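Quick heads-up: structures coming right below.
There are two complexes below, and they share subunit A, which is joined by subunit B in the first and by subunit C in the second.
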Partner chain A sequence: MLLVLLAVSFIVYFIFIVIPGGDPAQRIAGKVATQANILAIRKKLGLDQSFIVQWYDLVKALFTAKLVSYSNQTNVVDQIKQGLPATFSLAIGAGIIWFGFGVLVGTISAVTAGRISDRAITALALIGISMPVAWLGLILRFFLAGDGGSGVSWFPDGGYVPLSANPAQWFYHLILPWLTLAVLFIGFYGRVLRSNILDTINEDFVRTAKAKGLSSRRILVKHVLRASLIPIVTLFGLDFASVLGGGAIITETVYNLHGVGWYAAQSIASEDLPPLMGVTLFGAMFIVVFSLLVDIAYAYLDPRIRLS
Partner chain B sequence: MAERLLEVKDLNVKFATEDGIVQAVDGISFDLERGKVLGIVGESGSGKSVTAMTLMGLTRGINARFDGEVLYKGTDLLQVSDRDMQNYRGNELGIIFQDPMTSLNPVYRIGEQIAEAIQAHENVGKRAARARTIELLRQVGIPNPESRVDDFPHQFSGGMRQRAMIAMALSCNPSILIADEPTTALDVTIQAQIVELVSRLKDDFDSAVIFITHDLGVIADIADEIIVMYAGRVVERGSKRDVFYDPQMPYTWGLLGSIPRLDRPRPERLHTIEGSPPSLINPPEGCKFRPRCPHAFDRCMQEPGLENRVETPGHLDRCWLDVDYKREHRDETISGGSTEAA
Partner chain C sequence: MATTGQEEFTLDTAAELAAKEGGSQIQGKSPWVLAGRRMRRNYVSLAFLGIFLLIVISCLLAPLYVSQVSHIPQNDVRTGATVVEHGKTVNVISQGGTKIVNGVPQIVFGGVPIGAQWGAAGGKYVLGADELGRDVGTRLLYGGRNSLFIGVTSAAICTTLSVVLALLAGYFGGIVDWIISRFFDLVWAFPVVLLGIALGTALSVNGFHHGPINVSSGSLWIPIGVISFVFIPYIGRPLRGQVLALRNREFIEAATAQGAGPVRIMFSELLPNVASSVLVLFTLIVANSILTEVGLSFLGAGVQLPNPSWGTMIQEGSKLLSTAPQISLFPGIAIALTVLSLNVFGDGLRDALDPRAKIRIEHG
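For the complex of A and B:
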């Protein structure tokens, strides 16, 4: 697990080093920098060291929470911590919405397969999957929020209100970001679940359940959904982890939520390596932890895995 | 006379598919009395499983059309609503399927799955259902049922799973047990045990059994009456004795010839029926078996009715051939001695 994180950090570092125009010393020194100036900054940041040593120093600083950004010398770990409430609020709310609606939509569409409701859901799901998040976010803002020009201002125009400060405003401000982030996943999960259910329905054990004289509702919930949800749980674990870990960069940026994703976007814009490294490892950590959780959940959902 | 449980009259099952209408079951009729075992034999695609599933109401769907009557204790099951059918499934009619590997839900314990059937039909508590489940597992010969009841299906062998399926099918004491090729997926020694078990439990539970198989050998011991199906139709029907010792349909001869037997001289090769079963969308004209029948002649272009053509009453067949001619020639096929069979 730690190995995965180290590997991720190494790759990020490598990419950063090889991209052109990436010399941070030059940027910090400013437009009128002298060669001596640049060299001095290099020395101060340790950029004159070898590749491996630099990487080692960086990772060490990060894990001891001493890493600071190039551009404004703020502590990376503190910055990430500051972004957590917004990011977690966004991720958890959106996660609940997309999982709940994904399952609902997928089930309805599978049960009514071939009928109008199924076709309508399929069309909507494909639209949801195809819409770029940035575009959807801006469109929603334009038409429904603030006074973007449409004259309708049902929702606040971006921004984040801490839950502890005002729960109602917190909720109100997050509705649009939640929906924006959830739409893609609802469509996608709905489609996956639909096909899983249609596969499971033809399984012999479902026929057995029917032959036992169970009601169709019980068969659906207890026998069909249980089996069909297993792959969805994997998907959800990883998607949710990536959003928790600051992966909702676009949504956070569009709605001006100062979370981890937004922080990442800022750092990318200023080609600031330390925050990027911090955010990436932060995200990777969630992915790794949630992979483990998914495995554990799997063993619970599918007893065949427990022994092997 | 024993109680008549089931009366199937001129049952037709058709499925609409993309390629056309499949006539899966074409006018079959039979009766079943309590305590009897009815064997239904035929190749894959002869309509035997569809018949069984139709009795259970498991073939219902937007593409299925049914005609005829399936009278269970006087009620036509084809007319019963889907919701009311739940009270028959499992409770009045139990079924065991072909593949015990996939017929149990892999994520629930064996005991839960059996208890679920009991609780679906009877108002009993969890504990009572569990106690009955353990008792059922004991009756079907699962060793140490108190602990095996909490196993998952993957911890059971194929034969044990089939035993668990039997326990499940019998859990609500149904009057009719349908065994749809219950031994096909099992190896031979287990097959014999399962057949023996079904036959013993039939007496214990005082029910009737419909035993479906493609292997006449499997039901040689237990069947009282045998129906031979081909292309969705009954082609021969009679007591076990009639079918085994005085078979009238060349198709039945082929089935008999394909069983290895110890009580006859060993043939060079077992008999195989040439060709494959006909399409049920465009069945051949006349006798459905005509294209594969080595004895076919002009008259076979008209389909013979299912009639009694021999001395024994109740022994019906669909074959135009002269009875004496058949008795003379059938042994070549059955014992596989002739070159034609090889």
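For the complex of A and C:
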């Protein structure tokens, strides 16, 4: 795992230092750099040194929390830490919604396969995964929140209220972002689960359970669903990790939630690379850690994997 | 579209398939002919393919729309212009000032672009104007050209690269497989949008100038390169698995015994056997590349202004949602319709060709 993280950091180094070409110091300093800044960066990153040394220095700067944004001189690691509450709140709430509804929708769809409810769910799921998140967020915010001119203001117009400050407002402010983020995943998980269940229903162990005289509800919940949920758990682990690590950049930007992804989005316009480096590495770290957790959960859920 | 469990499960057992599709009629026909027959009966899928083609053709005809209908080029800024609407002269961007309503003077804020005219202004501003007085209809078509071009090209590059990598990994195995698989794992370890904006921003600083490749910043090839890179493991991983399974089959052994070299085995023995999966994955990757382009452009790390794309249009319109919703609304509808039609068509294609292909995509 450490090896993967090391390789990930090398890719980050490669993306930001090697790919663009030209003078890295000038580029890292961004559009609003001063000459002193450029000189300082050149010295700090040791750009006259070999690339192994440069890479080592970059990783050291990241892990010892010394990476500094060059457009406003703030510490990147501190900024990421500040974004954590908003990002975690978004990820955990949305994760619960999309996992719960994804499983519900997929199960209903599979159980009633071919009937009208299945067709309706399939159509809605397809529409859900086809809408651009940015657009869905903007439209929901415009029609349902604030006083955007639509006359309806059921929800607050973006922003984040810390849980510790006011739990009710925290929840109220997060409803729309949760839904926006969850729609895509509900559609996707529902579709995957539906096809998994339909595959599992034809397995021998389900026929055996039927022959034993178990009720169809018990077969569905204890046998079919348990086997069908395994791939969903993998998906969920990775998607959830991605959102925790700031991957929901668009949702955070649309709803003005000052989380990790929002922080990364802010540095695009100023072409301020250090924050992007920090957030990219941070996000990748979550995925690496969670894929390990997924592997462990997998072995627990599916004895076949443990034995092989 | 909606198949029952039975049908889906038996799709690869020849006997039951034959029974379902008219017994002896299917004997001796190639899988592609059979898939074509299944596809022709799937009217929903075909209808959505039609919608997609219609969108593509409309976007390709954008120059014709400018010369015949709107007479306003895509990047033409007309803040002070006026149009004649039902014989009345109207400002394209409303002027601020005061207005007397029931004898009470009220301040009216300016800067509101004209809304959708449909046919009222003689073909101009059919879908309204944006904050710089540009024609939303024209930009929608040109933006569609960019978005579709990026989507299709990056999906094609991505598919080609991942097919080659998957064939190499699956055929040679050992150290080659290890290196390629670790590469997939590494790219997979980055959240798609995050890696996309990281690459997009790093490249847009001063373009990409290495060796023979010279791409200036602001070029469409930057989002194309970025999107084709981030999706490589999404095709490469499932294909590698399939190739690995095929590698030990008898027909590969037979080919080796005939003296076929690695290249020949990879491209004329293995590739045809995964071609149906590749086609299905390609369709779905086009849909997801379009969505990713929208996300990247929305965040400012994709297509660079003033070039239109559906993503940049949504971003530009987001500030004016309350007064001029048309700027964001129409591109959003266009994207949803395009991606939906590709997804439905891709689903139909998968049902006809390869019921087992699955793909994991995320973009938040």
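What to note about this one:
Just so we're on the same page, the second predicted complex is superposed on the first by the 268 of 308 C-alpha atoms of A that agree within 3 Å, B and C clash if a C-alpha of one lies under 4 Å from a C-alpha of the other, contacts with A are read in each partner's own complex, and residues count from 1 in each chain.
Quick note on the criterion: contacts are C-beta pairs under 8 Å (C-beta built on N, C-alpha and C of every residue); 3 or more make two chains touch, one makes a residue touch a chain.
Remember, it's a predicted structure, so these values are computed and weren't measured experimentally.
Superposition note: with subunit A as the common reference, subunit B and subunit C can be accommodated side by side. By the touch criterion defined above, A:R226 lies against subunit B but remains apart from subunit C after alignment on the C-alpha atoms of chain A.
Note on the composite model: angle subunit B-subunit A-subunit C, taken at the C-alpha centres, equals 80°, rounded to the nearest 10.
Of the two partners subunit B and subunit C, more subunit A residues are in touch with C. In the superposition on chain A, contact is made by A:A211 with subunit B only, not with subunit C.
Judged by the touch definition given at the top, the superposed model places A:G283 against subunit C, while subunit B stays out of reach.
After superposing both complexes on chain A, the closest C-alpha pair between subunit B and subunit C lies 5 Å apart. Every residue of subunit A that touches subunit C in the complex is listed here, in rising order: 4, 7-8, 11-12, 15-16, 19-22, 27, 110, 113-114, 118-119, 122, 126-127, 129-136, 138-139, 142, 148-150, 181, 184-185, 188, 192, 195, 197-199, 201-202, 235, 238-239, 242-243, 245-251, 253-254, 261, 264-265, 267-269, 271, 273, 276-277, 279-280, 283-284, 287-288, 291.
Every residue of subunit C that touches subunit A in the complex is listed here, in rising order: 1-6, 8-9, 182, 185-186, 188-195, 197-210, 287, 291, 294-295, 298-301, 310-311, 314-315, 318, 321-323, 325, 328-329, 331-332, 335-336, 339-340, 343-344, 347, 358, 360-364.
Across the interface of their complex, subunit B is touched by residues 203-205, 207-216, 218, 223, 226-227, 301-304 of subunit A. Of all residues in subunit B, only 56, 58, 82-83, 86-91, 94-95, 97, 99, 102-107, 113, 116-117, 120-121, 152, 154, 165, 168-169, 172 touch subunit A in the complex they form.
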